[in-house]
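These notes are about the structure you will find just below.
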Amino acid sequence: MADALSITIGDRTATVMPSGKGDVRVGDVSLDIAYGPTRGEVVIREDGRQTRAFVVRAADATWVFHEGRIFVAGVEAEGASRRRAPHGPGSLIAPMPATVIAVNVREGDAVKAGDVLILLEAMKMELPLRATHDAVVSAVHCSAGDLVQPNLPLVDLT
Amino acid sequence: MADALSITIGDRTATVMPSGKGDVRVGDVSLDIAYGPTRGEVVIREDGRQTRAFVVRAADATWVFHEGRIFVAGVEAEGASRRRAPHGPGSLIAPMPATVIAVNVREGDAVKAGDVLILLEAMKMELPLRATHDAVVSAVHCSAGDLVQPNLPLVDLT
Amino acid sequence: MDPRPIRRVLVANRGEIAVRVIRACREMGIETVAVYSDADAGAKHVRLADRAVRIGPPPAVDSYLRIAAIIDAARAAGADAVHPGYGFLSENASFARACADAGLIFIGPPADAIGKMGSKIGARGLMERAGVPVVPGRTPADQTDAGIAAAAREVGFPVLVKASAGGGGKGMRAAHDPASLAEAIPAARREALAAFGDGTVYLERLVERPRHVEIQVFADAHGNVVHLFERECSIQRRHQKVIEESPSPALTPALRARMGHAAVEAARSAGYQNAGTIEFLLDGRGDDASFYFLEMNTRLQVEHPVTEAVTGLDLVRAQLQVAMGQPLPWQQSNLHQRGHAIECRVYAEDPSAGFLPQAGPLLLYREPSGPGIRVDSGVEEGKDVGVYYDPMLAKLVAWGETREAAIERSIQALERFPVLGVRTNIEFLGRTLSHAAFRAGDTHTGFIDEHLEELLERAAAADAVFAAAAAAAGERSPAGAGPAAVIPDPWMTLTNWGR
Amino acid sequence: MDPRPIRRVLVANRGEIAVRVIRACREMGIETVAVYSDADAGAKHVRLADRAVRIGPPPAVDSYLRIAAIIDAARAAGADAVHPGYGFLSENASFARACADAGLIFIGPPADAIGKMGSKIGARGLMERAGVPVVPGRTPADQTDAGIAAAAREVGFPVLVKASAGGGGKGMRAAHDPASLAEAIPAARREALAAFGDGTVYLERLVERPRHVEIQVFADAHGNVVHLFERECSIQRRHQKVIEESPSPALTPALRARMGHAAVEAARSAGYQNAGTIEFLLDGRGDDASFYFLEMNTRLQVEHPVTEAVTGLDLVRAQLQVAMGQPLPWQQSNLHQRGHAIECRVYAEDPSAGFLPQAGPLLLYREPSGPGIRVDSGVEEGKDVGVYYDPMLAKLVAWGETREAAIERSIQALERFPVLGVRTNIEFLGRTLSHAAFRAGDTHTGFIDEHLEELLERAAAADAVFAAAAAAAGERSPAGAGPAAVIPDPWMTLTNWGR
């Protein structure tokens, strides 16, 4: 914890500046971090008031549990270039490992918001993937019977 | 886990021979060890029956919890020379960090089994250290007011 | 019935319910045999049992649903009884029969009773004859799309389309008009086929804004039948229960007595034994409310701890006692509800994405504890949540002197239940319990849909959350320092469970 | 009394009881302030509170017993009330008075009542006037060795010598004859002085093979006084309780009613408010048994969870309500015991070395959980058990439908309670619960001494234990592998609690 970090959670990106010995500055606010005895537990103090959080750094994100809420944070060294955007905002992705049971569209098809483009099955349930907006299918990356992994695009929309 | 180990628990010393892949032989008996997801947890299987144990290696001993019982084991590479015997069998040791409030004997004193030789205080309680047998004091290693550490001899007896 | 001692129970299930059964057996001095698929090698229920037998690859059809494999495992391990848990084979009459044929005590109702209640048609007829009110509905004899549509017009819209076999809402769909019915029929049929191997669908009039209130019953082999009061399970998503409580805020003593009586009659009419649950739809609240028989679950329920908390009884222990031929240890007049209990089912799912089940590693998983708190779970930190089985991680049960106290205790416990690495419904559960309508007891099975937008609202991250995220970016400590260095960590790489 | 809302409570204690109080406050929407000595920086109770204030170096006399430091902390943190827990300043009338003087609500009885009951002489007189039977005894006016010896002859041997201030058995010694009395007096005086700052000793006739049975009472500011039935706490070592249970196997309904009535009268006669306990010595069992007032503990007891488990009440919540001036939420006629609860106190101590307290690192510490199990603790894996405070690590409370079920559940829970790195009494507790005399309810305060040899027997290590020891000798896994490598571990070396 030496250099400034750029941390993004939801809509907000803040510069977080560690100042040594457990102090950090989040924007203009100074907070104090103490580590608990169990892995991932921290106590954050601000103006005499303290709250507990649990935090874990995974390969692609940092997860934080704070007062019953869960946050997934992007943590980067300040000034580092943003990492990968694995798929366009118009892509439909598999939310979890699943089997493709039907592909209802081909490249070039015009689709309307709400149309079911792909039908997945996982945990004995059907999961329809619907078009998020009126669009044209620019690519299809799967076919029926495929076992697909999460966070990969299955269909690209223009 | 490659070479044979000599493990002592209480009165019994056994040769334990790891045979790779989680199997071990304790004397003539073959057992199977599987590791649990939490640090220190193992499941030991023998003839289809399994039990859980928790084990942790401290600086000077290996602690094992098994079905509600606690064991402190000495684990050494087979053939290695026995390590330190920090005090003779006739020494009185501090069982825990404590303050010496009285030393009732001097070098050369003859004492009887049950005599209080040292009075310690810890956790607001007086802890008398008594002679384990009729003996002569061969050395005194502490004086009143000392803060003493566990497992170090305070008085040696012949 | 003669007493038949049980010495070793095979638990034909996995996860938290297998753990629950193993603990109860151990407290009674009964040995346990776990079974596991390859996906569950080294799982909590496997490590806690006295013996463990592998029964197949991860898919349930190849393992936990394989009757022959489980009977073989019971024989190989020398078990004399089988506890089916819930789900999987628990309501499969053939399994109960296979156990009996193999000389194994099935810890549940007679195969007959499962059969009678497993058929929706048969169960309805039985209930009507026993004087228990039922919701209008039928299984169309003509199972073509057209035949089902015609039957739906007779039952009347809105209508529910669901699997004739099995319970739990799998394959269930509501249709408010013929157009939505046309979409619902093939989907319900497909899911019924996939889940139960039987695509027959059943139609039922949809009661609007009903409560789901069920009565726990218990019967022994000596003709004793009691009920253990109600559980309200109205908080559902995807037709599956999320929050259950007892007492129900909608019941009055008179209504409770009527429903309890109906449930006991229902169980009696089926020749029932052991633990079972009569599910009712409740229309209205208070003395004048109407209730309709929905179905009977011929097994222990997921939510049985709610009943245990308010009645002070151990249902699994009683299941074992009844299975051994002992009389029920309770009499109706000695049973009482005390205080209030709430169960929250913690799922690996993303509420904001239609409660989509989630899979992934439990990078951090810490259960809350404390007075009045009980957590039943089969998962552990460091393990993966897989795609093969139900995504329920844990059941958090909180008991309090009053409903208000139980709600507050649940909320506080959820705030001390960090689960990271997989999205869960923990935040959603907290928002549901905090919602004014829930606090007011104004619940119905459409509660989540009705209030969904509010329940999905997300607070902005406080500065403390940014600080916590920064804390995890700290440098790795030097090896060899700190208490963790005292022990070598074969736990990090070795497991020895795969064989 | 007018209602006085409480918004922020300072918890003037540490360990499990501080955690207990903090949880109750949180469930009531009340903020909490922890205090800590340097030995407790970063302790569980400190991390769970909303605020934390350092009050001094490790020795209790310099921290948890420093009235001024605690009052200052309460002022600095903006607390409006103080919960004293048990031990430390909880039965110190000056502290209760100092709180009142500082405008802080003391969550406990009025200072007066503490004073009346804190004096053994005064309490006895009060009890005799209230018609509550007492054991022969006195505080010698002449506190010289000779004066005390003379008084002892009048009270009659065997005699107990104990601190006149404070309870809990600290400084208590039994003498069966004048010779052992001569040894007991200076020791009792020294320990009384060290523990309570007051070396005055008290003498009391020793009732042989008595049971220790106490009655929980609760009183509010509106004149309501109820009792919450008994706890039997006969299993003691060094005159400190180790196992407590409710109901007592020695009580019948008639005897329970007599003792409950006496306890309520005792509380009433002292003008008592809030939670308190009347300790009795019970001579015999059943309707005809005799009981003698021993002392009143004017605070929450360590063993209060036993009462919570059988009555289904939350005593700490009620303490807060009563302190806010609210009437007691219960009426005697609505209170009932249900089932059976047992508490085992898990101590860091070596039973085979005279129950010598132990200090050291908790290299591994895992609490059991499950239906009917409650663990209250203030310690955690990786922390040290220090020499400054009571060596109790945790309270394991098991509830069951019957005494037999509660015993079995306790034994099973102890077998799932691994604590390594420090010797504990876990194995000893299991042997005590398993002992035929305990199972038969044949308990008295000399139980441990009477059966000590059997209770200390140690089984030889099974082959599995040798295998487990070998498992820990495995090689260190390569860094970077396994789930733990996902996160850097500042937790291993950084703490930031010391400042």
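By letter and in written order, the chains are A, B, C and D; residue numbering begins at 1 in each of them.
Assume a residue touches a chain if its C-beta (ideal position, glycine included) is under 8 Å from a C-beta of that chain, and two chains touch if they have at least 3 such contacts.
What you are looking at is a predicted structure, and each value in this text was computed from that prediction instead of being measured.
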According to the touch definition, list the chains common to the neighbour sets of chain C and chain D. A, B
Return the chain pair with more inter-chain C-beta contacts, choosing between A-C and B-C. A-C
Here the gap between chain A and chain B, centre to centre from mean Cα coordinates and rounded to Å, is 51
Which whole number of Å gives the spacing of the CA centres of chain B and chain D? 30
For chain B paired with chain C, centre-to-centre distance based on mean C-alpha positions, whole Å: 48
Two or more partner chains touched - positions in chain A: 33, 35, 38-40, 51, 56-58
Could you list the positions in chain C whose residues touch two or more of the other chains? 361, 363, 382, 471-475, 484, 486-491, 494
Name, in rising order, each residue of chain B that touches chain D in their complex. 1, 5, 7, 9-12, 14, 16, 18, 24, 26-27, 29, 31, 33, 35, 38-40, 42, 44, 46, 51, 53-58, 62-71, 73, 75, 95-98, 121-127, 150
Chain D - residues contacting chain C, complex: 20, 23-24, 26-29, 305, 308, 312-314, 317, 329, 338-339, 361, 363, 367, 369-372, 374-376, 382, 399-401, 405, 408-409, 412, 471-479, 481-494
Can you tell me which positions in chain D touch chain B when the two form their complex? 170, 187, 190-191, 194-195, 238, 350, 353, 356-361, 363-364, 366, 387-391, 411, 414-415, 417-421, 423-424, 426-427, 430, 458-475
Using the touch rule from the top, collect the residues of chain C that touch chain B in their complex. 42, 47-52, 77, 380-383, 484, 486-491, 494-497
List of chain A residues in touch with chain D within their complex: 21-22, 32-41, 43, 48-52, 56-59
